[in-house]
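In what follows, a single structure is set out as structure tokens and then discussed.
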């Protein structure tokens, strides 16, 4: 079938595929940070960027060193971390619980979903004066504020995750006459886990953001309190040092969730 | 094949399916609200709930009436809505733009994603003093704050949405030798639309929350300013009236997005 | 245990899906149900298995299921319905746990059914590591583990590629030959129907009714690819269904 | 325009997917490619269509494609790859727009191909309203709209139920009979291969090589369900592949 | 005419500017004034530094000193002062603390004292009280006055100091008790000062002088009407009406008037500064390590505009 081939035009087929799939590029992220810092350093040193606008990165660095050597770093970080832990654990576990109930029971869903969507856009800082009355100015109110802020987004993501559990798996459970409890614990919960964990990423970021609001209420130590004080003294070096610490906390939390996802969700293909 | 049947035990197959699919139940949501309000009213009237803890719902209602009749309602709502519109539009459109770029270009992704995840957990209120210096105390700084707060979550949800666009559709486009631009505008963008819209739900809720923070910066009128002022005078009736307005705004925004989803995403099955 | 369908009819809201079905499912036989898309095959199977309740008529169990049967009516689904977070073993023990079967006793059952489906080496594998054919064999093992009186199979092979399908049909035939089971087997593949069915029930399009019940007498073990008489039966069935299939493929779906 | 594969080999990372493939694809013929799962059939098709670049060897176009061909090498995918947000019409005009064909000219082309695939009434329907068979017919219309010199079809029927598959094979046969086109048709359904192929290329399991090329001489239009000689060819092919399929179905997937 | 922006809080203590505006004193000085309202002092200080506002009146806080250190703000005149004999800032205790025997500031030893933030004027006042009584106080930062009011009403903090127009209604409700005056603890306390950007202070001398002159005329009217009460009842009522346009504007006049009258404290004549008080405050901030100890009085204050007191 290829007799007359010699006479014809012959060329290779042109390539037209590829692309549109992100490839991992190392070091770019880091170098963006480094460049940014260097530009800021140069800008503030030359006076091109006024010291009112941005602190000098090296000064922020020195503030860290001071915080470290004076031992104040831990004095600020530890209370914040414990507030975060208690508050976020409370809010997230309550949120997961309520989210699952909403996912499972139509009446609870009908009653609570509108309430929760009404509560969602309420800024927690607006309620600060009330938190003082409701929960006092001790740790309780800080826990409560963080818990409250973590609660709503967790509920929303959890019941979404329960809704997304493959219904055919549930039917399978029923077809083997599994008990309601078995279906919930062995099918619904593990199936909702990926959605719950990825929802936690967002809720915990919000918890960190709320640390500052929480520490508005009578906190002497804590990263939020440190930032607030720096802000009120217009001490940009400390303000940025505090912000960097929050950033690091955020990245850490996200890494921890990533770790759990890897461990618990290895079954995902 | 059914000769010996008469002699045998005969019974119907038992039903064991159903459930686990939310059914819509009307009025429950509304009645939860009504009950809650009635309980609060009764509680505050009987003195069982101290007037320090909760305002009387009817007093909040009267505050509304006053706001309405004095014309102050619109004086507060309109500036807030316009701040929300400008700020959220800015932040969301920038966020969508950057998110798409991150979704399309690996270098941009490698450079910006770590930066954005570092910025995400930074509380915007911590940066308030800086916003004054950077953007002044006029509307600009309010727009900027809301835009900044809307930007990060929008970026994250947008590039997630772009990543989730069915790659086989893109390969199809390439197999018909469509241009890069056609593939982006006709396949990637419409395909990412559902994810972008559902991301906007969250970003816009955050924008509403940030209204209060934004109006900390030299705002005379605005719901946020109203709430702040009520809070600083510990005037619970007004505080709650303001909070209810924010809630209504949140529910409205979510309804508007729902409307767009219905109109733009009718193609989803 | 036999099953008998008496005047079964079913509607979803205003839409009538099936009408006046009467059918006997005798013990130890495989009854295949074929019919055009949307004619209610899956619905019928769910009605038989008690996952849904018929609008009219009833499904009767005639005689007691064997005492050793943990779950008399057991489904095998098209999409396998394996829990992706459990291993092969875990997916089988799932259906034993609720009957209080654990430890050694469960181990014995699991080893037994995995041996029957030739999966012994894959006991610890996760579903994501398995090919489609293996996944369906796991689902069949799981069904066998509860000693079903009747297996209800909803297009169990249609998610597989045709070569795997061919192999799995051989497996099902040898499973049945060694130890006959009762099955209702829904498919729209006539090739599968003539290969596996003792009776082939042909349904009309929606609302589904029984058009014809075709008996195939040749023993399962003797049926083979390319058998002329089976090909003839298949062709006969295809002619019965062709018009309906054509119509079904040309309907807009109301959304 | 013919195609010629010269010594094609391809690897993903360390994994060699295929090796030393030489093949001619003559104009106006349908070449079917069959082989066990994972042997590289889809990869081969992507290499031919220029969506991927071979690690070794090259794919040659021999002769110029007809001038009226807008997209000489055109794919038809297993999952249809229709844009769910565009109507039937919009999905077809998508591939014309980039060639500057709009308005009346596009209308004429669209009407033409929809008539050929009997979809004229569904011009304004959205994909979600269509049955699987109709979706694939839309995808075929879209391919026809660009006047392909060669159609590259990757298991175009395997997402459909067997009745629809049967009907669509008839459609393809009548399309080809009216106006012969060149096609490379990947499948693992031997029944499809013997029904549609002028040549059937059998691949070995991974790394894929060509085991045998079987020519089927009977004209397409005369082939029918239950043809004894076709059944014989199919049985012959099945015996060639059975071992490989068995092995392929028993491998753990590395994740 | 020169256009300037003046920052203000809606407090009676900012009345001098309102009077100067309403009675045309700014016009006389050749200034066209636009008010910019804030709900807290700190952003106002920053707004002056950023140039969004030209002049403002606020308490000396750590933030203001830091901005001065960065060369962005300068104090040019004095405003509100404490004066013995005239109603000034009050020391409050919660009902619970009062009942447990804290009836006098000297009994506050070991008790909690609410402040908005470290480095605020509340912090300074508390520290001065503690120093003079020789007691220790536990300072609780609560950011917002609303939070402080909630906390002291519910007895979660023991003490606070605040301007009289907030202190008196609170005491009247019975939830808190007034146990002393700040004036007894801080000598000639310069509560608030007039400040501007460093640029204005150095380069816009004429404009700054003009502002201070008009401001002083407003202050003089205010003092006469409500502090020294030499303008008669009508004069006082006119003044209250004028101030009511800006303060408690959303309350009816009858309700607002007592609050305005209660809030009246002396505004320094001719915007003179209590230099000793300012120095004392600066030293305290340095001692508490709230500001850099390299800051001198001259960095903070430009004394060339007004008389020292």
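Every chain is named by a letter (A, B, C, D and E) in the order it is written, and numbering of its residues begins at 1.
Quick note on the criterion: a residue touches a chain if its C-beta (ideal position, glycine included) is under 8 Å from a C-beta of that chain, and two chains touch if they have at least 3 such contacts.
What you are looking at is a predicted structure, and each value in this text was computed from that prediction instead of being measured.
Colleague: What chains, if any, are shared contacts of chain D and chain E?
Modeller: A, B
Colleague: Determine the set of chains touching chain B that also touch chain E.
Modeller: Intersection of chain B and chain E contact lists gives A.
Colleague: Taking each chain's centre as the mean of its CA atoms, which one is farthest from the centre of chain D?
Modeller: The chain farthest from chain D, judged by C-alpha centres, is E.
Colleague: Could you tell me the distance, in whole angstrom, between the mean C-alpha positions of chain B and chain D?
Modeller: Centre separation, chain B to chain D: 46 Å.
Colleague: Using mean C-alpha positions as chain centres, tell me how far chain A is from chain B in Å, no decimals.
Modeller: Using C-alpha averages as centres, the distance is 16 Å.
Colleague: Suppose each chain is reduced to the average of its Cα coordinates; what separation in Å results between chain C and chain E?
Modeller: 84
Colleague: Give me the residue numbers in chain E that touch at least two other chains, ranges are fine.
Modeller: 42, 46, 49-50, 63, 144, 146-147, 149-150, 153-154
Colleague: Could you tell me which residues belong to chain D and also touch two or more other chains?
Modeller: 49, 51, 73, 128, 255 - these are the residues of chain D that touch more than one other chain.
Colleague: Using the touch rule from the top of the page, what residues of chain A touch 2 or more other chains?
Modeller: Touching at least two other chains: 16-17, 52, 128-130, 133, 171, 174-175, 177, 228, 231, 234, 269.
Colleague: Of all possible chain pairs, which ones touch?
Modeller: Touching chain pairs, listed by label, come out as A-B, A-C, A-D, A-E, B-C, B-D, B-E, C-D.
Colleague: Can you list the residues on chain B that touch chain E in the complex?
Modeller: Listed in rising order, the residues of chain B that touch chain E are 52, 70, 72, 128-129, 132-133, 136-138, 216-220, 225, 228-234.
Colleague: If we count contacts the way the header does, which residues on chain C are in touch with chain D in the complex?
Modeller: Residue list for chain C touching chain D: 36-37, 122, 125, 128-131, 133-134, 158, 161-164, 166-167, 187-191, 225-226, 228, 231-232, 234-235, 238, 241-242, 245-246, 248-255.
Colleague: Quick one: which bits of chain C touch chain A in the complex? Just the residue numbers, please.
Modeller: Going through chain C, the ones touching chain A are 49, 51, 71, 73-75, 77, 79, 81, 83-86, 94-95, 97-98, 126-128, 146, 152.
Colleague: Where on chain B is chain A touching in the complex?
Modeller: For chain B paired with chain A, touching residues are 16-17, 19-26, 28-33, 36, 52-53, 103-104, 106-107, 109-115, 117-130, 133-134, 153, 163, 167, 170-171, 174-175, 177, 180, 183, 188, 202, 205, 208-213, 224, 227-228, 231-232, 234, 236, 239, 242-243, 246-247, 249-251, 253-254.
Colleague: Using the touch definition up top, name the residues of chain B that touch chain D in the complex.
Modeller: Of all residues in chain B, those touching chain D are 168-169, 171-172, 174-179, 182, 186-187, 190-191, 193, 265-269.
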